[in-house]
Structure formats: structure tokens, C-alpha cells
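These notes are about the structure you will find just below.
Per-chain numbering from 1; labels A, B, C and D assigned in written order.
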Amino acid sequence: MQPFSRSQMAARAASDIPEGWVVNLGIGMPTAIADHVPLDREVIFQSENGVIGMGPAPDKAHENPWLINAGKAMVTLRPGGSYVHHSDSFAMIRGGHIDLCVLGGFEVAENGDLANWATSENDSAPAVGGAMDLGAGAKRLWVIMDHTTKDGRPKLVDQCGYPLTALGTVNRVYTNLGVFDVVKGTGFVVRDLAPGVTLEYAQSQSAAKLHTT
Amino acid sequence: MQPFSRSQMAARAASDIPEGWVVNLGIGMPTAIADHVPLDREVIFQSENGVIGMGPAPDKAHENPWLINAGKAMVTLRPGGSYVHHSDSFAMIRGGHIDLCVLGGFEVAENGDLANWATSENDSAPAVGGAMDLGAGAKRLWVIMDHTTKDGRPKLVDQCGYPLTALGTVNRVYTNLGVFDVVKGTGFVVRDLAPGVTLEYAQSQSAAKLHTT
Amino acid sequence: MINKIVQSMAEAMEGIKDGSTVLIGGFGSVGQPDALIEGLIEQGAKDLTCVANNAGTGHVGLARLMELGRVRKIICSFPRSAGSVVFEELYKAGKLELEIVPQGTLAERMRAAGAGIPAFYTATGAGTLLARGKEAREFDGRDYILEKSLPADVALIEAWEADRWGNLIYKDSGRNFNPVMAMAATLTIAQVQNIGELGTLDPEKIVTPGVYVNRVLRVDRGAPWA
Amino acid sequence: MINKIVQSMAEAMEGIKDGSTVLIGGFGSVGQPDALIEGLIEQGAKDLTCVANNAGTGHVGLARLMELGRVRKIICSFPRSAGSVVFEELYKAGKLELEIVPQGTLAERMRAAGAGIPAFYTATGAGTLLARGKEAREFDGRDYILEKSLPADVALIEAWEADRWGNLIYKDSGRNFNPVMAMAATLTIAQVQNIGELGTLDPEKIVTPGVYVNRVLRVDRGAPWA
């Protein structure tokens, strides 16, 4: 059994992004997806802080501390890129103009619910950032995350236990075990499994039914 | 009796605009006010179509057909001027950032109501333009108009008969007979009368009580 | 390679359906996509709802589209102006539906559609004829009315310069309704005077990011008519 | 002559009252008005409600203001981040009120305040913990919640260049919250790196018209810290 490495997960997600899409990548694992999209496949990466058309991280000689992404890392602007302010940036996000958003997740439910911002109802100071805006506003929402928590609990679930970020909007989940579509009325549908990972094994690591077809 | 001419009315209103105000002038008589503000008294004229810091009309040699005001006349941009789109322009208007708007009027009531867009309830296609936005949004609303209609009916009234543009927001009225403040709880208060115009005469031309002090 | 530049008017107009809501940019003739309106006349879509600041003048452009019986409804702030003869006639004959919207509310309703806001409150129009049938509500002692967003199928807009990503730069007062209309429509088609290589438009001057633009057609329009 | 340029920090901070709601621009350190925050610390106003994307890091700037007990409440989208030690401590001790707002809702609530919109509907947060106590409503079969505008007494912002009318141009990702905060506050104070003669700022590049700005202070800040 060869579960996908993080880099392989990111590459797998990247390979599913066609040219021309406007894409917002969450902080952490999602950000790595951009590294796997070749520059000649023109994908427009948008960042909440108003950068449209981000390019790769600059080399030392071209660092520009005024140009950062939502993760506060220095980035570059591609030819054709532009800047907007926060309200215009989120108008773009909330108005359905982002073709795809990829976020990390604590849990994804078979109805497409996402929990990724607070680990308990009692945590009164969780950091939500732009996750709820992206979760509700993007045309497509993919989640990239390990299939289970570090202590082995499933993260694909029949119902989220953690507080929700967005309701019913996840379309696909990339994990170390495979790729799973979230289909309205059906639930998780296996699209691909990592080499050597059987459906039975993936199911045993999930707390929701995995469908085929 | 020497009622104010239109030019004198405009000059009178212009003299009451202090340096630094952001001012929107309605189409028609209000537009003429700008001509009476000397350029060295810096007043920022804003136009609904997104021009901030308009200057005087261009001479023939400097006409620019891309640069017009809300009345669709060619204008200039002063040093320090800028452009915004329609939604940003009206955000400025509706958000209370315009110090003064001057509009024409059919009727002004003693409670500050303005009617200036439709001549009857039955006219189903009157042109409202930006009048309701300006009437509701500007910090101060002045009206410049003849004291009576062409056939002699008073335009300062106890209650508007024409459909309303904005409710209770007129602060001052400039007419050919004088200048009248609209004071909450009192009504029209005479601020100034044209040379030779008596209070009695002005009152006889009005359908609302004119107060002094 | 992303390339939103189309080579023909037919390509620009492709797929506009009968019954569409069409936003038409411009204020006066500045920023008005004259060529695209002609293209729409040619293209043939009918039963349209058109949204513009005015209801057309003379017998060209929007007025011509109306005259041809292709417009079911017009949503605008200023229907009657000098030369709005076609509107006057059709409206009087009961052949045209009209929705009058205050100019700022019109712009904001389109911005809301583009920004994912289905409805918002505004003081504009509260207590007037235009508040009829609208929900009223008080906030902090002031009266407001609820206005719904105004999304559209198509936006026809004009800009000064574009690149193949569809980024747009405007000239002087040419922005007006164009950037908000670009946000509000599913299919945004821009008529531009100039096309620059990707990367030549100053990122700080781009007002409409290409994200909002689907097709760009170069039209050497010259100056707006007075 | 309009001249919004002030010569000293004391002049910039004049009149900020106890109990004020203060907006603080920036995202990360880009566009963050560090000098003005220091000026506010010096100025002394207390019992403040501060609005910013984060709740401060380390023991400088906003964190320092909080540490000094001057902040009653913080409204932000991302309170807990690496280094938000002062926030953590005060919050745990019950010495700081917190309102968590999704980042886009935060920006839009300020834009609404600036645009005369007392409230608007959004899908962001609908059905989540952050919808508690908020009115919910369905439009076209989708759930939305009502969000109120967020007006303020003071905005502290940063920009790249200004002129004496208060027009502002930003640099790269330096716009972020600054332009919307400028709209939302009664008193907007901008810290800028450069001041140009009136007329030297490109009118097509001015993002914040001086109409929204009350005071400008030149501060040679240099590059944002990483």
C-alpha cells in the first residue's frame, strides 16, 4: 500500500485544475498545489488580500515585501495580474467568481458540510479568517487533508462533529488514500484510490459510506 | 423690488460654500453655482458618473469627450481630481461623504421634504436619475429654484403636493426672492431677502409660513 | 493560454438567448458599447430585459433595439430625456414594461449581484413612490427600504484598453456603470479601443480584473459622440 | 487651500476620544500603519473598540495597546495566530471582549458603513456558530444571514503616496483593508511613505479619493517587516 504523500496529493489536485480557472488556495497544504501547476497552464491564483494572478515565490533577488499572499508569504505577480482592496477581493469570492477554492479540513460530511475552523463549540476564540466566505462563495470547493487524524479518527464522516465552516458546499476531497467526490443525494463517491489502497481499507478509515460509480 | 437673477441666485449660493467642501450640483440651475466659486477657493465638485474634483468647462482646444459631468457636458479635471465607478461614486453620495448637494426643485415643504422628479402620481415614467440618492445621502441639501411657478403658484409649501424625492432633508432654499433656511420644528426661516423684497411680499408668494430669526 | 479576445462580432455575441437580461454600460455616450449594441441588434435575441441608465435616444443603439420590438422591459433611472422618442411611443402604447430605479440604487443592486449580496437596505427612495411594494425597516431611528440584487445574463460594456486575460482599464469618466455591470453578469462582453500585450497594463490601474470578463472585442470607436 | 497634511504625530492623533471605535488597516504587516498605532499608544485614548484582521502579535503595535489595558473589545477575523500572546492572555482572563467576523463579512460591513447601507444579507456564515443571534432569511432557496454595517470613529491606515487633498495610492498588496476602512470612519488618518505635489498622482491610480481622508502624516516607514 502506497498512500499519497502530501506532495502527491497536491500534484493530484493540481492535475485536475484546467487552464483558465480562477483559484483560491487556503493556507497550508492547499497552497502547495500551485507549485504543481506548470506556468504555461494559465491558472489565475487569487488571494484574499487582493492579489489576482499570483505567481510563484520570488527568488532572493526579487523579493518584494509589499507583495504577500493570504498566508503572509512573499509571492510574485504574473503578467496580467492586478490588485484590488479587501472588499472588492471578497466581492469576487462571495459573488461566485472564483472557479475553485481548495481548503484544508478537520472533517467533511457526506452531505458536503465542511468543518475546518474550530475544534469545539467551547472554543470561543477560533480564527475563521476567510474560510466561511470561501466555503460559501466559491463555485467549487475542494478539500485536501489527511484521511484520518493523527490518532486515527476518520475525517470523512456522516455528519460533522466540529462546528461547521460551510454547509453542503464541498465537491471533492483529496486525501492520502484517494480522491472522493461528494455527490448530492449519494455522498462520497470514490474517484481514485492511492496505489495498493483497497476500497475496503479506505472504507475502514472512513465514518461515512464510500460509494463506487 | 429687485428679485435675484438666476446668476445672482447662483452667486449667492456659491458665496455660502466654504473651501474644502465636497459638493454635488444637480443638472440645470445648480450647475451654474460652480462658475461663481473662484478656483483659488478649493471646493471639490463631485459628479455622479464618477468624477471627483471637476474643474470648469474646457476651452475648445482642450475639449475631451471622455470627460463629462452628470449633465453630459464636457468638463475638466482639477489637479487632485480622480475617477471612480458608478457604485463607488454613489457609495460616496449615499454614505454621507458629500458635504453639500444642491438640487433644483418643484416644491420644498416646511418640514424639509423635497419634490423635484415627478409632476404627478399618474406620471408613470418620470426620470429620477440620482436625485433620490443625493436627497437622502448628502450631509446638507440645498435647493435653488424660482420662488413660484411660471403661473405664479408658490413652491415653498406647507406640504408637498408632488411626489416626494426625499423626506425632511432640505436645509436651505435659494430663490429669486431670497434665502430661506429650513429649521427642524420651525419651518422656513428667512435668512436674506432680495433688494426691495419685503417679508410681506415674500410671504404672499409662499404657501407656508416664513419665520424670522 | 487564456485568450478572451474574439475576432468577430458574431463570436462576441454567440449564445445570447431570447429572454435574457442584458446590462448596457455607459453614461451618456461615454463608456457606451455602441458597436456591441449594434451587434446585439444583428444577432437577433428578443424578449430582452435591458438595464441601462437611460432608455435610449434617437433611433440608434438601444432605441433601435426597442424600436425593433426586441425589448420586453427596461430598467433604468432616467427614461425620459431629450430624444427618447422610441421609448415614449412604445411605453405609451403599452408595449414596453418599465422599472424606474434611482441611479445609485441601480448601481448598488448590480454591485450586490456581483458581490453575493441578495438584498440590502438603503435610505434612497424611502417614503417615496419608488418604495411602494418594498419592505421598509428602521435602523437607528432612520427609515430604509430593502432592495434586491440585480443579476444579469449578459453585460455589454466598453473600456479603453484590455489584454488577453480580459483585464480592463478605462479612460476618464468612462468607468461609470461598466465595472459594476461586468461583476453582475454571467457573460460579460467588452468592447475596447486598444489591446495591449499581457503584462503591459499597469496592475495598479486595472479597474476590472479579467476574472469578470468573458470576451473582448477590439473596436476602433474613436471619441464618444457629444 | 485644502491641506490635509499634518506635521506631527500629536496633530495626527488630536481629538481621538476614550470609547472610540478604531479601525486599523493592513494585512500582515503590509499596509499596517505601525507609526500611527504607536501614536495612538502615546496619545492615551482608552476603552477602545479596535477592528483589525488580527488581534496583534508580540508586544508591539495593537498587542501593546491591548497589553496597556486600553482596548475593551476587539473585532477581527483571525484572533489566534502565531505570537498573539497578549490577546490570549487578556482574553483568557476575561479582560477583553471579542467579536469574530468572517474576513469578507468584516470588509463588507465596513464598506456598507461607508456606502450608507445599514445592513445586508450574506451567505457567509449561514448555518454556522457565527450566525447565532443573527436574522436568517431565504432568497431563491438559499439561506442568508443579515449583517449590520460597521461604522467607526477613527481609521488608522497606511498608503504609499498622498497629496494635500488626501488622495491615496497604494503599493502592491498594500490596499487590503485600508480603502474600505477609509470609507467607514468619521476621522480617517493616513500614514504614507511619500507625498506628491497636487496633480502628480495619476487620477486613474488613485484608489482612495481624498474625500475619505482627513489627515495625512508622512512616515518613512521603509519596507514592511516580514
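Here is the rule we go by: a contact is a pair of C-beta atoms (placed from the backbone, for glycine too) under 8 Å apart; a residue touches a chain by one contact, two chains touch by 3 or more.
Quantities reported herein were computed from a predicted structural model and do not represent experimental measurements.
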Centroid-based (C-alpha) most distant chain relative to chain B: A
Between the pairs A-C and B-C, the one where more C-beta pairs touch: B-C
Averaged-CA centre spacing for the pair chain C and chain A, given as whole angstrom: 34
Between chain D and chain A, distance of the C-alpha-averaged centres to the nearest whole Å: 28
Chain C and chain D: spacing of chain centres that average the CA atoms, whole Å: 33
Two or more partner chains touched - positions in chain B: 77, 83-84, 90-91, 93-94, 136-137
Numbers and ranges of chain C residues touching at least 2 other chains: 108, 111, 115-117, 122-124, 170, 204
Contact pairs between chains, per stated definition: A-C, A-D, B-C, B-D, C-D
Complex interface listing, chain A residues touching chain C: 19-20, 22, 40, 42, 44, 46, 52-53, 77-84, 90-97, 136-137
Chain D residues touching chain B - in the complex, by the definition given at the top: 1-2, 111, 113-117, 163-165, 167, 183, 198-199, 201, 203-204, 206, 209-212
Chain C residues within the chain D interface of the complex: 108, 112, 115-124, 139-140, 142, 144, 148, 169-170, 202, 204-205
Chain B contact footprint on chain C (complex, rising order): 27-30, 77-81, 87, 91, 98, 100-105, 107-108, 110-111, 122-130, 143, 170-180, 207, 223-226
Residues of chain A defined as touching chain D within the complex: 47-51, 64-70, 72, 74, 77, 83-87, 89-91, 93-94, 118, 121, 124-133, 136-137, 163-167
